[in-house]
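Order of writing sets the chain letters: A, B, C and D. Residues in each chain are counted from 1.
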Amino acid sequence: MTRDELKIKISELLPSAVFEEGGEWLNVQIDPAVWLPFAEQLRSSPDLSFDYLFCVTGVDWKTHLSMVYHLSSTNYRHTLVVKAKLDLNQPEIESVSHIWRTAEFNEREAYEMFGIKFLHHPDLRLLILPEGWEGKNPMRKDFEDPVNMIKL
Amino acid sequence: MSFIKNYLNDVWGAVKSLATGMKLTSQYAIHHKKEKITQLYPDNRDTLLLPERFRGEVVLIHDENNEHACTGCTACEIACPNGSIKIITKFDITPEGKKKKALDTFVYHLDMCTMCNLCIEACPTDAIKMDQTFEHSVTDRNDLIKILNKPGSRIRDGVE
Amino acid sequence: MYRESTIVNESASLPYNGGDEGDMIINVGPQHPSTHGVLHLIITLNGETVKKVDPNLGYIHRSMEKMCESLTYRQFIYVTSRMDYLSAHINNHCCALCVEKGLQLEVPPRAQVIRVLMDELTRLASHHLWWGAFAMDVGALTPFFLAFREREMINDIMEETCGTRLTMNYMVPGGVMADLHPDFQKRVHEFIAHFKKKIDEYDELITDNIIFQNRTKGIGYISKEDAIAFGMTGPSARGSGVQCDIRKLYPYEVYDKLQFDEIIETGGDCFARYMVRMKEMKQSISIIEQLIDNIPEGDFQAKTKAVLKLPKGEFYSRVETARGELGVYIISEGATTPYRIKFRSPGYCNLSALDHMAKGQKIGDLVAIMGALDLVIPDIDR
Amino acid sequence: MWSLQNITDNIHDWLYATFNPTVAMLIEYAIIGALAIGLFAMLGLVLIYMERKVSAWMQLRLGPNRVGPKGIFQTTADTLKLIVKEGMTPTGVDKLLFNLAPFIVMIVAMVVLAPLMFAKGFQIWDLNIGVFFITATSSLSVIGILMAGWASNNKYSLLGAMRSGAQIVSYELSAGLSVLAIIVLTGSLRLSDIINSQENGWWIFKGHIPVWIAFVIYIIAVTAETNRAPFDLAEAESELTAGFHTEYSGMKFALFFLAEYVNIFVVCALGATLFLGGWMPLHFGTNTRFNEVMDYIPSSVWFFGKTFFLIFVIMWFRWTFPRLRIDQLLNLEWKYLLPISMINLLLVTFIAIMNWHF
């Protein structure tokens, strides 16, 4: 499916979606509340069949956080980038680990690095950070580590 | 009957595959003098040839008059990703009586250097290069902080 | 009835609480011969059978993504050599591609060919090391040294041209850092001749060996659908029949002009993954053979400004490393440093499937599965 | 002809002529003990050096080459290091069993030396059940290994010990059955009788294909019994780090290490005695010129030559093959080796009854 076809299809599925211009792939901005049903549709819709989630990222925009999901289909080879804006103080989004198994690990990474809480995640524990980590989430922009940070 | 045949075929195939492997290792054992690839490192130190591009450590090139080409422009210091280089500059007085920025001390932290070659790429006057030394181990980490410009050295004439 | 130490709650400090009466929880790693690094697996055993594998990462996490946020677009590339150190060139390549995408920079044809040559040599070196290490995981010690003999030749070639053996920092935005060494072609020809002579030994010693086949066939099975769902890429996924070679799907540099096959096996087990890599080595050699005598003349580096500034926007580049798909995702705010950078590392996703694959297998199989996944821990931890 | 028999007989006669019988016997015991311990130490040094060199040659390396000419003192240096190293006893171990285990393993390995015939007339104890004694006592070493694994309070050790137990107990069967093949042919358990029966040719040549099969099975089974690769599951390095001796260090570890090599020596010596004629030179038929030439080579050279050849074969296995998995290991024994050796034993019996062997 080309980018324009994809755009029409997505806007049918989710009228509230906001498309971003530019970028290599179609970027769609969604509300975190609609993410779970939208993801299920993306995965199960036969002419979309986004079965390969290849990149899950959190971004700290200082005013808000956002989750970026890069989706691709191994059948049709089209790619979609889904972005969800999250609140800075209480970032919460539904987990999609039951749709794409790879999300389980990647969401755990985003959880500890950005403090984003994934609702209904089966196993949301610290993965990379040491047990009993206290303090801020390291990938947030306001994180400072006076002990280990080398100032250049 | 076919069961027994299969069973024997299994055994025969297994023995054959094992024998092929054993043949190979025995070949290596017999010809071990020819096949060995070990280099006797500290013994062959004199004959050890490192390629001229090998990145061992950063050195400031001095010629026979104890002159170098460093203008103290700090391009290498800016290019260095992990702050291994610290250039301390001073102001020389040129014969015309003008003040001119020049190199005072070229401090190089070998302990932080990752040999990425970015400083050499950045240097506009080709004053520094990578040396082929690689035996850097010392007992005191302060020994790894080096001052690259030799005492009394000065900038070569004509280098801007 | 074992003594106190087998009581399941011994690892109470660890947050895992599964396991029934009589289960044994073993910490494999962080220091263990077969984890090839500082991977920590908390495995629940019932006798010899693995019930659950719970990876615990972070022992070599250097927070590269955070680090790169403070480095300029020229500087951050060298850091990625330390990510998947066995395919350092390819990591650097991916970063350079991403920066070039942002700058809309055209790479000279000579640089493109040099990059592909270096990528394939790196892939060969990586697969050689994997072959030796995998053989060691299943208990054969000699292959390790045979593999190192070939890998050493590649490392010497790298050393001559790039200056270092493992973490080269040879790819820069706009091309490569230095031109090829005059001896490069001769040395590569020597290597190809040597490789073709020796690759059959690999089959004699390991591939055809009955013990090895028994150790790997039918072990660590993962279906095509599961492999996609787990985000597996690279040879590990191609062993399950997933078409995922970035070089074929989204060709970069000169890969679209080259003749090579994407190796796909359908076994889905460790042996299929093994065969994919063995055949991939031959494909890499054929790519190198196609290019080595046809390196175009010209610049090895495009003209770039001294200070690189990416325009505001998002850039994503993906390449095929020896382990799978590496993605570099740069969010730029128009400054000299990236605002946010994300490395989509292949090992991380491949590791997530380990629990699925190892469930119900023996401890020895767990080791074989880890070996066949070709895990490089710094790549997982970044 | 020059023979060790004369020396031992002379010493024996001189001792009994000089001292009263009790003292003479005690002195003899002391000499034997000293010799056994000396042999034990020598074997450790020689075999470990040999293993390292063989592995190096197969792996394109040089092997030890720094300590002494060609590195021959490398193992001596290693042993010295192990002796002066602190023998750590981790907290939580069963101290008695933990400290006892290496000694049990070593004592078993030493006891097994008793009925072996190192040269013509050079034997500690010509037992009338020699072969039986060796198979019986050598299987005791599993107790030491289980003890070590259990007492270490380490899960890797426990797994290794349990694997080792299953492995040794199973492989005893096919090793025993293939040994029985020779017993059937000779009709004696006494090692000297077995060797003498090979005066006109070794059993491997006289006994047709069934003895060949028995020989191959014996080699495979003893490789497993001594926990050597490809059957080194008890200490499978890539799975269990070091298996049953994970927690041992210093001299206690060295004892395990030495015992492993002495065990290899013992089983190879037994294999050489049963199948390759022990100290018996290579003979074809009786009273030929060829046999006389062969007789000029001392019997001890024959014995050690054959034994070391078998040891080399076992080392060759180790540096070539991948390791089996535990269930495959037991499959190999119960589905392949045991049925084959049982049928083979029937064949050998048939040959013995029909007197078809040479």
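Quick notes on this one:
One rule holds for everything that comes next: a residue touches a chain if its C-beta (ideal position, glycine included) is under 8 Å from a C-beta of that chain, and two chains touch if they have at least 3 such contacts.
Source: prediction; values computed, not measured.
With centres computed from Cα atoms alone, the innermost chain of the structure is C. More contacting C-beta pairs link the chains of A-C than the other of the two pairs B-D and A-C. Of all chains, the one whose CA centroid is most distant from that of subunit D is A. For the pair subunit B and subunit D, the distance between C-alpha centroids works out to 51 Å. Look at where the CA atoms of subunit A average out and do the same for subunit B: the two points lie 41 Å apart. Averaged C-alpha coordinates give centres for subunit A and subunit C that are 24 Å from one another. Averaging Cα coordinates per chain places subunit A and subunit D 63 Å apart. Multi-chain contact residues of subunit D (touching two or more other chains) are listed as 58-61, 319-321. Contact with two or more other chains is made by residues 142, 145, 149, 205-206, 209, 211 of subunit C.
In subunit A, the residues touching two or more other chains are 152. For subunit C in complex with subunit B, the residues that touch the partner chain are 71, 74-76, 78-79, 142, 145, 148-149, 152, 159-164, 167, 169, 172, 177-178, 181, 201, 204-206, 208-211. By the touch criterion given at the top, residues 2-6, 24, 26, 32-34, 48, 135-142, 144-146, 149, 205-206, 209, 211-212, 214-215, 362-367 of subunit C touch subunit D in their complex. Residues of subunit B touching subunit D in their complex: 11, 18, 21-22, 24-26, 28-29, 32, 35-38, 40. Listing the residues of subunit D that touch subunit B in their complex gives 54, 56-62, 65, 316-317, 319-321, 336, 340. Those residues of subunit C that touch subunit A in the complex are listed here as 13-15, 55-58, 61, 63, 65-66, 70, 101, 225-226, 228-231, 233, 242-244, 249, 313-316, 318, 325, 327, 329, 331, 340, 342, 344, 348-349, 351-353, 356, 381.
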